[in-house]
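So, here's a batch of structures to check.
Next come two complexes, and both contain chain A; in the first it sits with chain B, in the second with chain C.
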Partner chain A sequence: MLTESDVRAALRLTLDSAAPDAWDPDFDFLDGALDSLDHATFLLNLEEVHGLKVPEEDVVSLKSIRAVLEYAERAAADEGT
Partner chain B sequence: MTSRVRIVDCVAHVPAGRLDLLEMAERFDTDAKFLRQKTGYTAVARMDASETASGLAEAAVRRAFEAHPGLVGRVKLLVLITQNPDGYGLPHASAILHGRLGLGDDVAAFDVSLGCSGWVYGLSIATSFMDANHIDSGLLITADPYSPVLDPDDRNTQLLFGDAAAVTVLERGAPGWSAGRFLFGTDGTAWRSLMVDEERRLRMNGHGIFVFSAKRVPACIAETLSANGIAMVDVDRVLVHQGSRYIVETIGKRLGAPDKTPFVANDVGNTVSSSIPLILSSGLCDGDGRIVVCGFGVGLSWAATVLTRIDDQQ
Partner chain C sequence: MNAGAGAAGAKTMELSLADVAEVAALRIVRDGRFSTLGILSRNTEAQLCPFFDRLYVDDLRNNANLAAVITTASLVREVPNRCAVAVAEDPLTAFLDVHRHVATIDGFYWRHFDTERARDCTIDGSAFVADRNVRIGPGVVVEPNATILERCVIGAGAIIRAGAVVGAEGFAVMRHRGRPVNVPHFGGVEIDAGVEIQSGSVVVRGLFGEVTAIGADTVVGGGCRIGHGVRIGRACRIMPGATICGSTTLGERVWVAANATISNSLTIGDDAAVFLGETVTRDVPAGMAAAKGRILPKDRLLTVTAKVKQRRRSLRDPRTGRR
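Let's look at the complex of A and B:
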């Protein structure tokens, strides 16, 4: 199961910065902190390291740490049903 | 069997016109820092509105003829890579080019409809055609001007694509670059990712293209090295299609070879199938002995091979 620590690690790797450690889980990182290419790299990392596949229509909704965790939880639940 | 057809030179023609992207950034409400650091382009080349693919190609070929005396009489093949040919694509732009150059009627000329993978595909096609038909001298030309199909209000494409042409001079048994085994691939399920729509405007799914590039290209290059019996340590440089600085740097990192994977298209833009021969024409690889080349994009399509420098007339 994807954890908050995993998401922050992927963000740190993407930005090559520790700044994401200080972000509130509801912080909208698409509002200036990550551009579209950073965001794509972040999601690619989640897919390759944690197996979280995100269809293109869902990409823009994953704009905070909490949104990513809730999405991963739903994806895991759907997989289990 | 390895072909004795070699790349003896690459000659570029980049139109003088430039769209200054740092000026355009304000109009498109785009951060200039994003342009410099991510797309990597500070300007993109723009041909005159009246210019055509065959016109760009002609300028490049005439430069090649000036640089290689006697070539004009030896050339028996024109392969033109374009998806934006003159007029409506009939006749083929390579025939128009043939006429503009005043070449003889014993010259084969045909177009190949491919985008950013086109130069690598074209190298295999031209080399094979020359071997099969005992042709000693041929020209592989890339001229795919995107400016006529760009939406003036679409920053994703306006600030990315540039117009240019390049000619790759191929001669049998001459010193130059020799191609090894090629690898090709296609993912036609994603053809909508980069397409011209019903209004003749280019549409690009930037996210999809980036993910495709980051995942597919490093794997393709690794397979190509393996198919040629070599490893990354054996190549001096990795020339990938110059889709954007971020894509090139991402590929370099994922290959574990960032220092071998240059981005050098900052003042011309993404010139589609011309981006790799433009690097070769710049002299950047003149001291190299072996390089790997990979083109990728429209289709989605990709192709790669290894080029080894042969210094004598084998």
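Let's look at the complex of A and C:
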């Protein structure tokens, strides 16, 4: 199961910076912190390392640490049903 | 010497170590022929290479095309029996002396010819085109202040924009008599049909006999630097300010974004992409993208990036452009 620390690690890797460690879980990182290419590489990292597949239509909803965790939780639940 | 009768520009000659022994003070241990020069990590056919440090012994053994070696007395036993070998006090100095010498032999690196311009090409009066060893094909356009130096072949319909330099000297340092020197470049450039080299770009000629090659319909944006022996496939897009270092190979339809730098001797596969400002130091397989220091699936990366961009645009106030 994807954890908050996994998400922060993927963000750190994307930005090559420790700044995401200080972000509030609800901080909208699409509001200037990540550009479109950062966001895409972040999501592809989650897909590659943690197997979190994100269909194109859901991409933009994953804009905060909490949103990513909730999405991963729902995806895991859907897989289980 | 063993000279053939190839077409103008084509190299056709083989030499033996004995042919060059005097110019580089070589002691021949086992004579044999070679048809070009190079370094051990390059696998060009029938090469003469310097071998001056045990550090490179794996390259020496793994180079199946190695024909002849200049080395030291203490390293000579490492050279495979299939290779000709000569000993010099300083193999690098001797190698560079041979390099300079063979460049003066017509037909070794290049067979000389008077410059040929197709009747319907358009060359601006302020452009410089060398008097020999340049072939300019039909429909080529050479804009003001562009420079085309020796050993360049420009294919039909290519455009060399204002101020571009084709066939420039490049950068390759070796030690000669203990001092670092830039190795003179004696190779050429081949630009295929329909290529466009935009303003201020520099295409460096090959280092030894090889050419720097740009495939048909490729566009090289302004201010790019294409290093010696680079091979670029068809229909690539090299955007302004990109640097492609020596001996790197790009496949077909490769897309290199502005200010990216691709290190030397790499392979970038067909349909690969290198994103804005990337510094690439490893191969990029076909269909992949180098972005943010990583190698990712190109199509997926582009799709996701486009989605995010689209979403951002939709959140902007149409009047102010702000979110």
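Definition applied: the second predicted complex is superposed on the first by the 81 of 81 C-alpha atoms of A that agree within 3 Å, B and C clash if a C-alpha of one lies under 4 Å from a C-alpha of the other, contacts with A are read in each partner's own complex, and residues count from 1 in each chain.
FYI, a contact is a pair of C-beta atoms (placed from the backbone, for glycine too) under 8 Å apart; a residue touches a chain by one contact, two chains touch by 3 or more.
Model, not experiment: these values are computed from the prediction.
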With both complexes overlaid on chain A, does A:40 touch chain B (first), chain C (second), both or neither?
both
Looking at the overlay, what does A:24 touch: chain B (first), chain C (second), both, or neither?
neither
Touched partner set for A:16, first chain B, second chain C, both or neither
second
Quick one: chain B or chain C, who's touching more of chain A?
C
Partner chain(s) touched by A:79 [first = chain B, second = chain C, both, neither]
neither
Using the superposition on chain A as set up above, list the residues of chain A that contact both chain B and chain C.
36-37, 40-41, 43-44, 56, 59
Which chain C residues qualify as touching chain A in the complex?
275-276, 291-294, 296-297, 300-301, 303-309, 311-312, 323
Any idea which chain B residues touch chain A in the complex?
34, 38, 205-208, 210-211, 214-215, 246, 250
With touch defined as at the start, can you tell me which chain A residues reach chain B in the complex?
35-37, 40-41, 43-44, 56, 59
In the complex with chain C, residue positions of chain A that touch it
14, 16, 30-31, 36-41, 43-45, 48, 54, 56, 59-60
